[in-house]
Amino acid sequence: MYAIPLTESAELRPLEPWQDAEFLAHIDRARSHTDPWIPWATWSTDLESARATLQKYADKQAADAGRIYGIWRDGTLIGGVMFVQFDAARGNCEIGVWAEPAGEGHGLISAAVRYLMEYAFTERGMYRIEWWNSAGNTRSRAVAQRAGMHLDGTLREQSLYNGVRHDMEIWSLLTHEWQGAPKSA
Amino acid sequence: MYAIPLTESAELRPLEPWQDAEFLAHIDRARSHTDPWIPWATWSTDLESARATLQKYADKQAADAGRIYGIWRDGTLIGGVMFVQFDAARGNCEIGVWAEPAGEGHGLISAAVRYLMEYAFTERGMYRIEWWNSAGNTRSRAVAQRAGMHLDGTLREQSLYNGVRHDMEIWSLLTHEWQGAPKSA
Amino acid sequence: MYAIPLTESAELRPLEPWQDAEFLAHIDRARSHTDPWIPWATWSTDLESARATLQKYADKQAADAGRIYGIWRDGTLIGGVMFVQFDAARGNCEIGVWAEPAGEGHGLISAAVRYLMEYAFTERGMYRIEWWNSAGNTRSRAVAQRAGMHLDGTLREQSLYNGVRHDMEIWSLLTHEWQGAPKSA
Amino acid sequence: MYAIPLTESAELRPLEPWQDAEFLAHIDRARSHTDPWIPWATWSTDLESARATLQKYADKQAADAGRIYGIWRDGTLIGGVMFVQFDAARGNCEIGVWAEPAGEGHGLISAAVRYLMEYAFTERGMYRIEWWNSAGNTRSRAVAQRAGMHLDGTLREQSLYNGVRHDMEIWSLLTHEWQGAPKSA
Amino acid sequence: MYAIPLTESAELRPLEPWQDAEFLAHIDRARSHTDPWIPWATWSTDLESARATLQKYADKQAADAGRIYGIWRDGTLIGGVMFVQFDAARGNCEIGVWAEPAGEGHGLISAAVRYLMEYAFTERGMYRIEWWNSAGNTRSRAVAQRAGMHLDGTLREQSLYNGVRHDMEIWSLLTHEWQGAPKSA
Amino acid sequence: MYAIPLTESAELRPLEPWQDAEFLAHIDRARSHTDPWIPWATWSTDLESARATLQKYADKQAADAGRIYGIWRDGTLIGGVMFVQFDAARGNCEIGVWAEPAGEGHGLISAAVRYLMEYAFTERGMYRIEWWNSAGNTRSRAVAQRAGMHLDGTLREQSLYNGVRHDMEIWSLLTHEWQGAPKSA
């Protein structure tokens, strides 16, 4: 029902457990692309686990502790953005993103991230937005940089994936550093 | 973040537990008006109970068993619509509404109801939408009639409010009776 | 331990989860007969699901939100009656019944229903008893009529069974319409 | 609805949470009499705690782990009997009793205990019924003796009441020692 | 991290769910030896059930309702001791033990039991420690006797194992009967 | 029962919910000292909240997700150490500490931290230990430095205390950087 146009052919919409089959088909297209940087694909390997991933976010939203949004381009789910953590009492939250190959290179992820930042800072009064990315995940890092975020530090070998450990970067944007809502909003 | 314009000055948006204070102020304005027809006001008498009312719907949404939406006019919450019940497996749901005096007479409720019907029938493939109203609640009954619903029956003295029992009407609209989405959608 | 004689050879007794095997054997005899009007048989296809059906009612009874009773004839479980819903605070409840072929035509169901009505109205002070039956289920409808119930309405295509939708009738009896306890009580 | 006549003027019936007010009034009459031998009265001091005591047994019954029954004499609740523990898988259960002064001296408790024993041994196939009483509680001990139970042992100072410790006796009756159902059954 | 030396080559340590594989290997060595006296081995037949057994005690410890400790000899888990029940409010607890053949005959179990008794009586102020053993389990009975416990009674045929019923002995030690901490403590 | 000597007069022991009164008395002595750097004192203001703080860690331990240990000096609880987080599957954990004034300046905290590091790296095979401290909390920072930890980054204004935001430092030690167990172990 709700939808936010990102471009003429793409929009940001709620992504919920009843969309499990659509989500799984998308994750299957995204799998080799998102690995090894995020466990997203690892968690959603069949209809039941795909649904569980979405239910986890549905429950987070009910508790105001996180949210997830899908991006549809020409009617196909090609990625999304989420509040991985959302702590209104302390004013801190964390934004994350993912995409299949068809969802990259169009600025859709960056546009969606700006909507979440606007929501967090302006509508909810959050103070600090975090961004965590595996140090080798240059695409993710680039989104944080384009959003004007600041690198707070690198957690040495904090992430474990398939037996290999990776450094994890933490970026942040504070409310007074926020440049404002997307132009189209 | 999400919003659907109903008129130039009104829009339909998610209504969530963190908006408890805004919801309570609205219910206080609506109280004498909605009583005795719906228990809405009875359930929300202070911040804690107002929040509990919204949390109940947040939990329903997480379980895909119900949803609630607020209507803001000139920036003020003046009423709303909800899926009181939502059973995707069986194809049945129930829509309900409420408003404070400032929210009536502008067609906002009816417009919002059409969005929910469109969502239920078109986006979710529901078969039957129900509407329950106390037989004496002529405003609510009028909304059902304007939406083209059919009176299925009257449950004799089914409702109890402040020690007085009221007849309860059940209206329905079936998917093949649905005239389609709102023009502005 | 408890038992209420319905006739010389039949009695009404509690029906509990530990009687799962006896219940399943009965449902197997009742299956083709109760389908397609009630989902009872659909829910109880093996020992585990039969037990779950009875446990659901055991939990309802613990919460005073429903109850189930079996009817034994010549020592064999041949059907039963239940409070599908029981809302003491609002004074409303719903009675339902089921039987295998051997349990019909002896007036056992109607006799048992009268005991539940007496319990609801007299012992518990309920105001309104409901009865829901699929419009095509003439046997169920006949029980409601014999009990002196009034048809409040017909929910159009409200029920879904094996892909086919059925109208659902709602009957009611109010406390002042109740003719009193069974003669034998 | 269910009732088992114990004498012309007394009967055994289910005792449930909705009877909290009646139960509390009875416990108030029983209080000084049952103390210090059983914690029954200690647990039920107002409507909420009285209801919680009954709810505990309602939940036990739903789990087939215990049951409670009230005894009414001339329409007044004057005591009762319960399965404190009920372990069908292992064939063991424990019976307990309590009464207000007006409930003693009429053989009502002993008659009710026999119904529970009949239920346990015959209807449920239990092997061993236990009885625990504080060593100084001669009335309770006498009920166990009249029921033909055997003293298995005395747990030294096992019970604590108001800072004083008491010996606790354990009596038992095995299925092959059971003399059969009450004559009136 | 924590460890209490029992002898030069043996020590008492926490036994936790993450040690499931080590525990299962030990139970496999103990299985024929502990049967038929305790259900310990029956409950732990694979990694999942072994872990569940340990988790049950981890949860008991979190609730201060029981505890479990392993005994390692030359680095191998060969048995252990536990507070089967622990009721600080009433001052009662129950101690149990188990061992594989390699864990017997060295006094390790008896030494460990003394540490638990010291903990219960001195550190926690318990009043009564119980010991339950199947009447035919002479090894277990001997530990209770060596610990100076008193036989309170024998529950006739209380225990059920593989279809055979066994008498169950209850031993006890009261705080004023306690001879004090182990010499090495 | 378990205890690890840190010095001649101090030892590290489990700290559990039943020690709530002792813990609260200690926190009352530590309150002005630990504020504003850690919320420890803020969470434990009376017996119920002190117990809840310890219960939170008891539950974490049962889930192998965290642990807490107290330090007693001359028989008085003067501080402690904890695994704030413990994720065995990913090999990451976080250590935290607190003390009342009498607990500082004796090296007790640093000694206890080394025991936890030894436990994490050696006994549990963890890969990375984290340490979070408010940037202005120089005492805490010094413990991390003395333990040979490395500063991974500073989360700008991440912490909120009494309306003031503080930078938060994250330090880490990796398994191959660990110098080994405390000499006294």
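Order of writing sets the chain letters: A, B, C, D, E and F. Residues in each chain are counted from 1.
What we mean here is this: a residue touches a chain if its C-beta (ideal position, glycine included) is under 8 Å from a C-beta of that chain, and two chains touch if they have at least 3 such contacts.
Because the structure is a prediction, the values reported are computed rather than measured.
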Residue-number overlap at the chain B/chain C interface, same or different (half cut): same
Which listed pair, E-F, B-C or A-B, duplicates the contacts of A-F in over half of its pairs: B-C
Which of A-B and D-E has more C-beta contact pairs: D-E
Centre-of-Cα separation between chain E and chain C, whole angstrom: 51
Separation of chain A from chain D, taking each centre as the mean of its C-alpha atoms, in whole Å: 60
Residue numbers of chain B (touch at least two other chains): none
Pairwise touch network: line, ring, star, complete, or other: ring
Sequence of touching chains round the ring, chain E onward through chain F: E, F, A, B, C, D
Residues on chain E engaged by chain D in the complex (per definition of touch): 90-92, 127-128, 130, 150-158, 160, 165, 170, 172, 174
For the chain E and chain F complex, residues of the former touching the latter: 1-4, 14, 16-18, 55, 58-59, 61-64, 88, 115-116, 118-119, 123-124
